[in-house]
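The structure follows.
Every chain is named by a letter (A, B, C and D) in the order it is written, and numbering of its residues begins at 1.
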Amino acid sequence: MAGFGIYGLGRMGQAIARRLLRQGHEVHVYNRSPDPIALLAKEGAQSAASLADLVGQLEAPRCIWLMLPAGEATDQAILALADLLSPGDVLVDGGNSNWRDAHRRAMLLEQRGVAFLDVGTSGGVHGVERGFCLMVGGPDEAIDILDPVFDSLSPGRSQESGGPTPPNPNPARRPGFVRTGASGSGHFVKMVHNGIEYGMMQAIAEGFDLLAATATPATRASEKFDLKLDAIADAWRSSSVISSWLIDLAAAALNSDPKLSAFAGRIEDSGEGRWMLHDAIESNIPTPALASALFARIQSRRDNAFGNQLISAMRMGFGGHKEPPART
Amino acid sequence: MAGFGIYGLGRMGQAIARRLLRQGHEVHVYNRSPDPIALLAKEGAQSAASLADLVGQLEAPRCIWLMLPAGEATDQAILALADLLSPGDVLVDGGNSNWRDAHRRAMLLEQRGVAFLDVGTSGGVHGVERGFCLMVGGPDEAIDILDPVFDSLSPGRSQESGGPTPPNPNPARRPGFVRTGASGSGHFVKMVHNGIEYGMMQAIAEGFDLLAATATPATRASEKFDLKLDAIADAWRSSSVISSWLIDLAAAALNSDPKLSAFAGRIEDSGEGRWMLHDAIESNIPTPALASALFARIQSRRDNAFGNQLISAMRMGFGGHKEPPART
Amino acid sequence: MAGFGIYGLGRMGQAIARRLLRQGHEVHVYNRSPDPIALLAKEGAQSAASLADLVGQLEAPRCIWLMLPAGEATDQAILALADLLSPGDVLVDGGNSNWRDAHRRAMLLEQRGVAFLDVGTSGGVHGVERGFCLMVGGPDEAIDILDPVFDSLSPGRSQESGGPTPPNPNPARRPGFVRTGASGSGHFVKMVHNGIEYGMMQAIAEGFDLLAATATPATRASEKFDLKLDAIADAWRSSSVISSWLIDLAAAALNSDPKLSAFAGRIEDSGEGRWMLHDAIESNIPTPALASALFARIQSRRDNAFGNQLISAMRMGFGGHKEPPART
Amino acid sequence: MAGFGIYGLGRMGQAIARRLLRQGHEVHVYNRSPDPIALLAKEGAQSAASLADLVGQLEAPRCIWLMLPAGEATDQAILALADLLSPGDVLVDGGNSNWRDAHRRAMLLEQRGVAFLDVGTSGGVHGVERGFCLMVGGPDEAIDILDPVFDSLSPGRSQESGGPTPPNPNPARRPGFVRTGASGSGHFVKMVHNGIEYGMMQAIAEGFDLLAATATPATRASEKFDLKLDAIADAWRSSSVISSWLIDLAAAALNSDPKLSAFAGRIEDSGEGRWMLHDAIESNIPTPALASALFARIQSRRDNAFGNQLISAMRMGFGGHKEPPART
């Protein structure tokens, strides 16, 4: 790989750039708004003034890593770069794209001789230090070209989770990295990863919801325990069956503020959960925990549910039941 | 049956008394607060000044129908009546008691020679005109004594749901009435009835929730339909697969006010759904629709969910995601 | 309406034709396989030898009712009829089409001056006697042309569900019939109807599943009741809160065979549940009961679930738990 | 602590004994069947011939750790030991007891001057090397007596999960160890831990279920990917958001056999999930992911579901739908 550029410097794009810079890579960056470019330039990145400038700064074979919102923004960037890149170059979509878009995009670029990789990127903003888990779909030759980048972005041996479970059977298998196969498979596997993440977070939330209820004088006073949620979360981080990075993060948040007062509890979802639910049903796979997690997020953002009003109205209709008044 | 008394004149107790009065029965009534007694006295009931007075007004074999809140109130009444009633009398628990309480209560009364019937009573306040669906557990001889009452309370042939489905195979089977078997089975069957009711209401709520969302300019403007929920509900009342009394009630409510503005959407639950979920799990029967219905009701009454706050906190932890602010 | 034809004589197409014939309509019928044509000809229908013949037999304005499998079969028929029909004619899609297809089909036909109606048709094979519930989307003028057909197909006043709920506020509102609005809205409302049907059926199934478990010596012997499921279902048909056509059908099935031995319990789904779940999520409406019903059906058709094997493997991994062997 | 005994040498009891022996503790062991005693004697344990012998071998203050099946076995042991132990001794219930039993047991023992600790023990058979996560309820003075044991059983600093999340704020907080408060709180927190575990495992299962479906030629051939589930699981172990011990275990199982042929997919549940669901509903906390996980396990063990048969029967009733035949 002779030249490496990144287009899209949101939180994740910056994190990718930063980890590569710290590992000694030459990184060229471009973004629509200039502030993140300036920020990364101070950290050693080469700044580009336009997409054309970004391409122009790189030597062949050029590699450009897109880290943009899924959908239109990514499509527009691919269309623009299809005209700017040359045969032998590689374009990476590292964002949370729908895997169904990958095949079409790969076909478009293939006509220009440009290879396309769909890379599911997990690890969040902590990836700068912790490394990223990379799920890479697309042709092996293009992956080979980017091998030095994948080697630096992935976590390395030191970050493997420890414990007495058997080590990876193939010592040549790079931690936090997998070639998933044909175009689209990288984002497909990332979608499934995120679907699992939804279910895991919901499971953790339900547990702490019950702990919090039990810790509160309002419920079941006779059996009330004076539970310290931060201490419990800390204990679970080590050697428990549920020890996990998400429990680490829950513990960190609870240690900062056991009441989590900064969070209103209205949870966004970013698409992958919906896509996976849809794909699972098409494949005749029941995913009730995922559905539960998705519905809980949707419900958390609703102020009122017409369906609930109708249940109250039916209860009034058959039994004369009066429901409690609205929240004020 | 020589004398019939009712103790407990809430909405359902009044409805039972009223239907019996209209069908020419002599009905003696007692209640802790005097107003409902006076109300029913105007409609022809004999009023009692105390539980002892109620028992004293009746001739043997006495029949007393309890229509009290489940739990302690019913237990106290049964204890008091165990001392007042005589061998050969019949005590009916027509409320929404937990079926597990019936066996113990029947044993207690049996020691005094008093028979106990656990009667699941469905039909709501409309039962005055429409009749009640009665699920009766306990000894056949005691049920036989109360036959004239059950005959008047149950709906009669004219209320059978119509349509081309085969008529009841046994013409001797009384509509809206079933002898369920041993003590407790009447309330057990009523519990299952209510569990089905929870799931049906949730299903209807989800459908109208989507119709309401689609009827509103706020969502998916390009595909928005100008749906009239009241007209749709009316259409579904006749000949559709989902035609049902609950759809009748939904239609009535929507015709009164398509916005259901009087209802805040905070739904109570009265116990049977919880009991059935518990029993189903003990019997290794999955009941996901019932669980969904119960969770939706619980969630509708919560202002905040600590678990949701924790999901937001974890999302901030790994991805720096900022969630929307609290409701104001 | 001068001439009325039906293309597609499956169970529902035959039922539509039969009800219209019984009410004195002249009905022309066509089907790919000849047997149903011959059957209906004996009942008074005019048989057509081809789609062109069907159109040729009718006088303008022609009305053709399609009752075909959703998807390709319906699309092919519409394409063929677009060439055969004339301006002023009306084409009805009475099948279970996805509502998203209606707009495109209406546009295509509008170019030829042919009106398109998307009609959700509920009521099943019993509609011959009981009438059909019709949810009609499309232009009012075209609906007006078909008014005599809709009048005969819908149930009529006598089939309205009874009871003490308020009658339809607008006496001009025809029972079992609703004009839903723009193209696609008829099938949209039918999709929601079927989604509610899924949830209702799941709720009923869960209840009888528990009753059956309780009626069986295998579980919880001390609390076993000797429940008669057919008698219970019959009782619930009248005056209970869950009285409904589905309970009528459940009672009929249980009266035929309380063991339901003819049914293996592998349940198909026909699309609408999946579509509604998808649409609900797009509209940010949680539908957990529908999801439960859909997942239960999918699961009922699976012989093995890899995910369950993995849970067993993880349990073996952390706790050495040995699971029971496979079904034999 | 002068003397330490273990009663109950199942998989977990042996693991506890083994870790303590390896860390230099003197451990006395007893079990109903003699083989595990002999096994541990070879590893350095002192073997007891009876419960009385076990108690007799220890010096005051004696500590006995019970690792028995929840329920009757544990109750009988506590009753027997209440007579054998002396004031100042400590009895530990390290098994998966229902937290509601702890208060009663603590009261019983307190009358004899014996302290009772309810210790939730997580970590499985790997705890020998990895350490156990301990959730300890009961009086502080008794916990203090057992401090050397807890210190050896818990994982130690080296087993803390790594990564860039903030370290435990209180350096004095021992990893994998928490004092949860009053009697019962240790098992309560363990119950919640296991409930979270259920949900996490279900989330992982759903993800791999979809990966397996996609990896198989049977579904959606055009979009089929040739996914290597073992390699994907290995990649997720490092730096992904879902990195966790359960993913480690899933990876180990899939690397042993990507088909998991040894597992039939009939999953047991051991009580805690049911207890938590019950408690959550009592505390008005919705736990849909937990319910999903529990229902999936129950369903995995059923050969047939009467409710599903009834849905098929209703579908036949209204639409004449013929379902696929039974599994053969």
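In this text, contacts are C-beta pairs under 8 Å (C-beta built on N, C-alpha and C of every residue); 3 or more make two chains touch, one makes a residue touch a chain.
Predicted, not measured: the structure shown is a model, and the values here were computed from it.
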B-D versus A-D: which interface comes out with more C-beta contact pairs? A-D
Farthest from chain A in C-alpha centre terms, which chain would that be? B
If you average the Cα atoms of chain A and of chain D to get two centres, how far apart are those centres in Å? 30
For chain B and chain D, let me know how many angstrom lie between their CA-based centres, rounded off. 40
Numbers and ranges of chain D residues touching at least 2 other chains: 123-124, 126, 165, 202, 204, 206-207, 209, 213, 241, 245-246, 249, 252, 282, 284-288, 291-292, 295-296, 299, 301, 305, 307, 317-318
Which residues, counting only chain C, touch chain A once they are in their complex? 165, 241, 274, 277-278, 281-282, 284-288, 291-292, 294-296, 298-299, 301-302, 305, 307, 317-318
Per the touch rule, the chain C residues reaching chain D in their complex are 11-12, 123-126, 201-202, 204-209, 212-213, 245-246, 249-250, 252-254, 260, 262-268, 288, 296-297, 299-301, 303-321, 323-327
Show me the residue ranges of chain A that touch chain D in the complex, using the header's touch definition. 122-124, 126-127, 129-135, 154-155, 159-166, 168-169, 173, 175-182, 184-185, 188-189, 192-200, 202-204, 206-207, 209-211, 213-214, 219-220, 223, 225-228, 230-232, 234-249, 251-252, 255-256, 276, 279-280, 282-293, 295-296
